[in-house]
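Shared chain: subunit A. Partners: subunit B in the first complex, subunit C in the second.
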Partner chain A sequence: MLTCSLTLFIPTLTLELGTNSMFKFITQAIKRSLRRSKLARFSTGYLILLLVIIIFGPYLAPSDPLALDLEHTVQPPSMEYPFGTDGMGRCILSRIIYGARLTSLAGFVAILVGMTVGIPLGLISGYCRGKIDTVIMMGMETLMGFPYLLLVIVLITMLGPSLPNAMVAIGIWIMPYYTRLARASALSIKEQEFIEAARMSGESNFSIILRYIFPNSISPIIVWSTIYYARAILMAAGLGFLGLGAQPPIPEWGAMTAIGREYIFVAPHVLFFPSIIILLTALSFNIWGDLLRDILDPRLRGME
Partner chain B sequence: MFKHILSRVIRAVITLVLLVSFIFIAMHYAPGDPVTTMLGAGAGPEKIKAMKHKYGLDKPLAYQYVDLWQRMIRADFGISWKTGTNVSQRLFRSIKYTLMLASTAMVIATAIGILAGIVSATKRDKLFDATTRSITLVGISLPTFVLGLGLMYIFAYVVDWFPSSGATSLKSLVLPAITLSLWVAGSLTRLVRSAMLDVLNEDYITGARAKGFSERFVVYKVALKNAGVTILTVLGLQFGLLLGGSVITEVVFSWPGLGQLMVEGVKSRDTPVVQGCVLFFAGGFIVVNLLVDFIYSYIDPRIRYQ
Partner chain C sequence: MSEKLLEIRDLSVHFNTFEGVARVLDGVCLTLYEGEVLGLIGESGSGKTVTGLTVLRLLPISAKVVSGSVYFHDDNLLVLPEYKLRDIRGGGISLVFQEPGTSLNPVAKVGDQLMDVLKLHQQIGDNNAVRAKAMELLEAVNMPRPSLVMSQYPHQLSAGMQQRVAIAMAIASNPELLIADEPTSSLDVTVGKRILELMIYLKEKRTISSLLFITHSFGIISEICDRVAAMYAGNIVEYGDVYTMLHKCCHPYTKGLINSVLDIDKKRSELKPMKGTIPRLINPPSGCGFHPRCPERMDKCPVEKPNLNPIAKNHFVACHAYEK
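Up next is the complex of A and B:
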């Protein structure tokens, strides 16, 4: 329900205010929330730190994430290994730092796959209506009819368990949400007068979609992408934990917790550090998602 | 009423048919021949041909598709490619455990979610609401496996109250059920809260208050009844989340249910096993949402007379 009102609201807002003022409106609202809420400041700080780690990872990591040190296996945190070592004597801190890159990449690729397939389908569906719309949306609803995680598992079975395949599978899982989003935008934009004007000046349907509908539907897509990104990251970690995503020596956070599970009673730090990082990352993204939703959902705003 | 139910049943059946077809196509157009992958690169063409013949993979696709439906109607999910055992038997052995886990967790999650959601909505922006909101935010950010492993460390190691894995006694159900229910309760509380807030803003609530009804009557009789349809829909959808979460929970606690069977099936690329498990999960999800549909056409006369 929230989704529905939000997807309809942003395009109308964009049309009323224009894309530039729409972003100005959002940035101002974000600044206000940052001043008011401690949680928002915390999550922003954490996400900036994470970005720094992703960019400068290789310079920050104290050692090689794959280097084995068989004389120092399952060591508790020390000067040499700040987060301790795992069962193969690998430095957990370095693995988490490199893992940040992998995890963010996984989320990014998944979102990109979802967008490139989902958005054109949604725009076509909303603009053309009729039979094409029915067929596309029926396909999307079938995909959404799978319970959480199950669709991704079917796709992984098809492709085989590995990190790149997991990224593609997560992308396909997210795709229908983009289709729905783009369709809702297209539906409201196509009723505008400038579309009629374009049609009268003889532009083809293809060029109308590409030149008018698509640019006007971008803002809700960007906003929702922050939320989908968080979901994609969590899903990638979950698959890594199940052994259906990144495979063991790869320092992906989910796969690291799977290793940690074996040492849970012997050396809990092997499990603790990757778990806490996953939790903090997901928490920060969710706080941001909440923030954006509060700003953009007109009904919740009206109640303040 | 009858027409409404019939149209819902037909839609559920269509969804199921589409799902089965999708899984069938996905499994058959998988890149890389599954039989070759399983037998290894060293297997000769004779051996591959024999294996394909054994599982009926050399027949035309249309034949295989019809065959799949015929077998499904008889609840026959074929033979496992990996172990050669009967898949249906394993499915029925595992589903007991998944049902036990999922239903316990759903009951706990519903109780917590609805209660906390209502109280949180009525005491909007008070201490209880603020606390609940922070807890649920952490709750939805905690991946199931992190939550499960955390609980396992505390309750199976620090204080040794419950077994850490397996399904030997009723005690071993406690940790998996709590893990799964807390995860779902988090998002359920948030959704119930926003559904209740929506209703509490309606004019008829102000009307009821103006008539002098007690606050308790307004919240629990008027508002809750009106939020009921939304809450029920949300419950149905959350059940899908719970099924997916149960896969991860089962792996964390080595609970011998469908989820664990499925994950092992995926790892060994044992298509019939995965197919069977996914169909059970998806079928369960569809049936539960169909039930939800029935229930709300019963509680909401507007839907019944449409």
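Up next is the complex of A and C:
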């Protein structure tokens, strides 16, 4: 997950800080998080652990996540199966480890879809104002007007239930929020004098948006991305739970909780482990988003 | 004198505000010849900056050009299509803003910003050549350690250095006219003096050919300008060469401005500040805009607006007291 979020942030951060200070920035962010509070230390530790799991998943998993062991179904945690087994006798720990890749990918794709469409529209809308603004924002507000689950279900019904389609649907749901955020930033930035100076030196509107407005509106976008990354993971899991996302036997966390629901009175651990992992992941990303906000806030910059 | 470079004729700009229409410019006429430095002086809110911005059509949405024209060579800038105007912005006319800190992009390196302007207006294909040219520009504005500054961000520079960068960017495209909008006002006095010296130096080296210098200090005017126009409440009230304006000025407003400067040669000099403040432009005084504050007011003043009349060669005054 952290890899995904990092691959997402590195280009944007490099734009703002330059390649050399990029590494410094990340180490500084981690250092500051460690100094800050127990909660921040915990979430940093958790996200690093997740990163390791994503990278080295196949080497760490004790068994094959798809292998059935019908003699040992719904077993409580044991030495052989640390998190127990589910209704088909599959190792829950291994499935969680493999699922980390899928779930983080789901969040990443959703955010990417929302960003690539939403941010340019928002920047254009905020910079140009007038009719363009009205049309774009009307469209976006119509999208926002739908209850999110209804919107995503409609989209998935149109596209067909599968994990990639769920990712795209969540991306479309996130898109208007990016548009609004980018528009708000563009509105305040375009009134600043250096935009006037850029226009004075004869820059075209396109290059002003790309090279002046966009890099200056990146900090709130990064912070939002961490928080919406967590939400996208939650939604992907939710869709998996409803059977609209990942289809069995794919080891995806949401789909795993859906299986666990059947055994809630017999073997609660089948539901418990994937749920707690989803919770911790979303929580850690939210805490990190808060942390990034502090680091990227220009008013707090240079305080350490 | 030489050819006309910029000619502003009867320019009126109104701002729509919540309280009504503010007449910020009310029939401004101004001519700038090639190779001269024209000073535009006046109190805050007299329309100096708006004049500068109107020339490049950079006014905010709430502003509206009601009448008049701005001729740069033979083009009326107010009706020129956007794509042609972009060539003139930066290419033909450049602007240096009042606040150096806010006129630079905070997230781009100084070098990259300079190179952007160079790439936009000069056909240099090679990246290294552009870089070399940018370094040259920073040296031209007396920037200490230009190679270091190239890779720094605007917030790492001092205000004086930022203004040097802004000037370097403005002269990067060899503009025919540079509009300097109070380039020293936001700097402290010693730094402001060095920026002024730099402008004079660039003028002497002919890096800057013509200059429209907007300021509210007569000290600066006397240092750099060839001719001066005094502005009050959206009107040019007096207009003449720098010697006439400093020593033989006629309009009560110009006299007031000069009287509010301390004379360091006299032993005990007293400031004689002008009474009152600049009028609200939403509901300006009738007739001559200056009459409520004027010590030489006549009966005619609140009734009729005076025209800009010549009283000597190259000396124009808009005041009823000097009408023939």
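Note that in this section the second predicted complex is superposed on the first by the 248 of 304 C-alpha atoms of A that agree within 3 Å, B and C clash if a C-alpha of one lies under 4 Å from a C-alpha of the other, contacts with A are read in each partner's own complex, and residues count from 1 in each chain.
Everything below uses one rule, namely that contacts are C-beta pairs under 8 Å (C-beta built on N, C-alpha and C of every residue); 3 or more make two chains touch, one makes a residue touch a chain.
All values derive from a computational prediction rather than experimental measurement.
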item: Joint occupancy of subunit A by subunit B and subunit C, clash or fit; value: fit
item: Touched partner set for A:148, first subunit B, second subunit C, both or neither; value: first
item: First, second, both or neither for A:78, with subunit B first and subunit C second; value: neither
item: Touched partner set for A:116, first subunit B, second subunit C, both or neither; value: neither
item: Partner chain(s) touched by A:247 [first = subunit B, second = subunit C, both, neither]; value: neither
item: More subunit A residues in contact - subunit B or subunit C; value: B
item: Partner chain in contact with A:27 - subunit B first, subunit C second, else both or neither; value: neither
item: Partner chain(s) touched by A:257 [first = subunit B, second = subunit C, both, neither]; value: first
item: First, second, both or neither for A:201, with subunit B first and subunit C second; value: second
item: First, second, both or neither for A:237, with subunit B first and subunit C second; value: first
item: Superposed arrangement (fit on chain A Cα atoms) - minimum subunit B/subunit C Cα distance in Å; value: 16
item: Residues on subunit C engaged by subunit A in the complex (per definition of touch); value: 56, 58, 61, 86-91, 94-95, 97, 99, 102-109, 116-117, 120-121, 166, 169-170, 172-173
item: For the subunit A and subunit C complex, residues of the former touching the latter; value: 15-16, 18, 129, 192-194, 196-204, 211-212, 215-216, 218
item: Subunit A contact footprint on subunit B (complex, rising order); value: 15, 18-19, 22-23, 26-27, 29-32, 37, 134, 137-138, 140-146, 149-150, 152-153, 157, 164, 194-195, 197-198, 201, 230, 239-241, 243-245, 247-248, 251-252, 262-263, 265-267, 269, 271, 274, 278, 281-282, 284-286
item: Partner subunit B, residues of subunit A touching it in the complex; value: 1-2, 39, 138, 141-143, 145-150, 153-161, 234, 237-238, 241-244, 254, 257, 260-261, 264-265, 268, 271, 275, 278-279, 282-283, 285-287, 290, 299, 303
